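Labels for the chains are A, B, C and D, by order of writing; each one numbers its residues from 1.
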């Protein structure tokens, strides 16, 4: 319980259910004096908004955010920023059948086991709509970090068996799948069309690059920067794997392949390669931070599946309604948001690492 | 900073440097009344102890633990348990050269960037010896969880390119590599011999199975059980990847492949398969929890490497001394310990999930 | 920073400024299955609402609360409860002068020192209106604790030099000063009339009795139940002192006077007296918990005062507008709320104190 | 549970029982580069050591501290500092009788209720010896804060009915009661002699002044600096009251008396008086912080008292052994330590209050 908050100094608390009155977030520990307005947040929220392509739910919620506190005369005041998005178009009647059984791959069963009952409308608290608060908080974190020279870039690396082969940064925001490779995007779209026609869905991989992180963020033991990134990203509903730098490839590499040599680049110590993914011993090493998250296929599929109902009868079901055949593109901005939340907290925690800084 | 603690109710704080006077751990939040003695802890500590085979550092530290508080008349009292291991055989002189440059793949550089200087003896705080405290805490957690019917089994799944093909539970503790496949163990040993002769090292993968976990542990949003396992395991020095259930494979699977059907097994709701790895929506689903961690190759290799010294000169170095060509077998018990620490905390946090339990 | 949350399992986060769009609270860690509706909260909010007598600000805000999440079909779901109160009647123009100088006894100066600027409208975040979120959370905590047999009673013990001499429980909610002594209430009213006519204000003392607390809540060292009550109550704006049981009187007592004898009352171990105030060694002892908080006089007075403006000029000011000559009666419900928040968290934390309970 | 830690960035965890093998503390989050040695800590430990006068327990423990980690080449490294004091002269047999009944005023009963059993030797975890860890941590905090220009002075303000009338700073460390008034010290000593002869004990008041605190420390809502001081001081075993500035006197004062005027002192904004005790709205205002703690009389008295034994029989007991007739003088350094721990954490937390500082 009390699991809806993350962060030490920069502390984010989300609240809200898919079909409740509203969803939102309280963001505490934002340094005072940072310019902030609703547009800064809406830009990122729009990236996660459904209904942007035929591969994402057409429910048109709008998801317009309002800042209710913590900003005065266009700047953060240092007090908690409360952001709310009111739900529109709730049609609870759509979900009456779902209340009666446990959808495979969803949290219906585990919620009932934990709490004794659940808000079954649209997944309730376990809905992807909970990420609205994360993205809003991520937008605030990115705004602060931008002033400190730190920037984030997340994108789709693969959808099902289709991976990117080239990296065209400009392409990312040109296609609805957020892939930096136009050709791969076309192939992935064709793959998704096939799945749609079969009532099935696909997983994929999101990659994120963080640039401008100074060496020194993160702590040696349990609060390693990579450990906190792992937790933050793994706390996103559909994530099943996380790796940094060479990740699982490092397990089959030799030490001489995996180690990054230090070099002197115009008087600054840098690494010749970046197998580490920008973190050594849990502390940022000054290279870009690079990590990947594996996203499972959308569990809601219209193809027939076996499950049990609340009475315990084994039944066959087909999840009705229009569902994303893939959530990877919508997860991209959520992964980026969680990364920003984590890095800002580590940045603020690091201000007191040595007496010279105090 | 203040990064040496983990857990909410069951809170673990490690301390100590590789070549300081001692290393240890304070374990707070242990329920009262659990039988506990030093042998319970020593058994696990012995599994991580170096010098057990030709692939692990022959430095014979002993690593004998002492319980200094929190146990009375053979039972835990509910107050913090302080466990200490005094360091023996410290030969600081061995490390004088290392003080002068930054070892590739180690945290020397990032510590200097963060703190301005570092205890360079044997890696100081970033040494693998820090895990002594983790393993001691894991032993305590496993003792408590055993009374609640929850057990842990971790083992080596692969070393470099050599993976297990069979699973023989009894074999795990029969071989020094903790592999459940005798044949794979032989091949892995040969591979390590080659690396040793070349002054190189290997990574690998550790897998862990947790059995007996009731449905309901973990929380829906940031405190998901898998997110906390990810953090706990990623906080171990050499981990570069973490995945649960089908993990990265899920990214290429279809929804109909990845979903686990619910079934009625003699009146109890179970899953027909376990692609989820025992966790749905961040909450344990009653199936065994299965996860893997990718471990990078030991960064200390005797082969020649390029780096810079503290003066900024680019130099070529060969790390002296005898170093493990692989740390995977020693990491096995550490992974298990971090899993136990995480599951116990989730178990205790879950006591207040519903009013009927209060 | 990040100072807007309190509690470990039962975690409360308030947000909002006096003259922002809204104020509110997110309450996480509420056990599932507790009946809850807006009326449960409004009852307590009405007790802190201004404009109830001539001694409290007549600004008629309404302060109508809305539950936005965490309740489904009339019961708590175990997920965060978000409660909001929208601000009405904001007349920011009233506060333009106040922006220019530092009001004595207020937080204007310290906010500017900490954050570089402040939302000066009505005290911004340091306004008493922030307690709306606390009272809403306290109402939820009391609802849960009522199911566990624990109840709270707070009242005005003294206003300025006028203290209660009798204790009539029924009288408390009959008079606007929440005093359990009708005669003292009359005297206190006369005293306040005098202060009003002189443009001055008064402090006072709030007392709180908590009944039905089982022995065992609270922890031995830093998380003592009385230490957490002290923090919770001291976090209310105007509190300058806190004491439990005999409190400061204990400092002049002898050990034989101050110790409470244990007795056997029909097979149950009780205390013959309650000098301890219901807590021994930081842990509840089964007797009623009794504590007091000293509230300072309202700093906003219309009498002339010396201060400096933002330019540093020494000036003389008279705080305009109608201000409460005493905030003690409005603080009563806030003290009660903070007590409830603290006791519920201690109750939930105590579920894992011994292995028999797990 | 898990109640043995305090602080956010500067985090202190104590462990150990009165008659266990050792007691100690782990201090995490100490900025790197601060000169520190065992003598820095021993000086403060000696001030709390028993056996210094006829009014304090003559048990000669020595209480010699050892630093086991976190310091290298005479400076803090930024990693956790583990400090241990080994117990000497444990004569557990002395405590066999005490195991059988509940001492009035002690935590024997509440520990049994909470944990099911207790380490009865010398009070176990609830012993005053637990404060060894606090004082060691306070010494480290004071060392860091001294570099930042912040200093602490605590002393005995009253013992039973005998209060100080003058304030002679030099006198404090000249007399065994740590009173800044020689004459009051003589009277208090006579009073204690009388109590000793009657087998009784006395309470008293400790006052603490913190100088050099810049304006801006502490946070507006729950993490108010005074709220955290209240908690920290109230977490010391025998404390029954806490007040800041005018404290309980403020409750009978008028607003015009209690408000402190701001003045311009050579271009710096100061307060003409300090009724606030150095904190406004939870944030330090630049004036000295002044607070007081009420300490209850030592519960162990040799005079006869009524209680019950574990079988539930009502019995009459006389606590044997030599006990301090007053613990106030020994509490002085503990109060100072808790203040230092609190202020350092607030100082470090405040580094990120505004974007200009980042």
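Criterion: a residue touches a chain if its C-beta (ideal position, glycine included) is under 8 Å from a C-beta of that chain, and two chains touch if they have at least 3 such contacts.
All figures in this text were calculated on a predicted structure; none of them were measured in a lab.
Following the contact convention of this document, B, C is the list of chains adjacent to both chain A and chain D.
When you average the Cα atoms of each chain and compare centres, the chain farthest from chain A turns out to be D.
Taking each chain's centre as the average of its CA atoms, chain B and chain C sit 45 Å apart. Centre-to-centre separation of chain B and chain D, using mean CA positions: 38 Å. Averaged C-alpha coordinates put the centre of chain A at 26 Å from the centre of chain B. Among the residues of chain C, those in touch with two or more other chains are 1-5, 8-9, 14, 29, 31-33, 78-79, 114-116, 125, 220, 348-349, 352-354, 356. Because contacts link each chain to all the remaining chains, their graph is best described as complete.
Across the interface of their complex, chain D is touched by residues 1-6, 14, 102, 104-107, 109-111, 113-116, 125-126, 130, 158, 160-161, 195, 200-205, 214-216, 218-224, 226-228, 230-232, 234-235, 237, 240-248, 250-264, 267, 269, 272, 276-277, 279-286, 294-301, 303, 305-308, 312-314, 349-350, 352-354, 356 of chain C. If you check the complex, the residues on chain A that touch chain C are 1-5, 7-11, 13-17, 20-24, 26, 28-33, 66-70, 72-73, 75, 77-82, 84, 114-119, 124-125, 348. Contact residues on chain B toward chain C in their complex (touch as defined above): 8-9, 29, 31-34, 78-79, 144, 147-148, 220, 347-349, 351-358.
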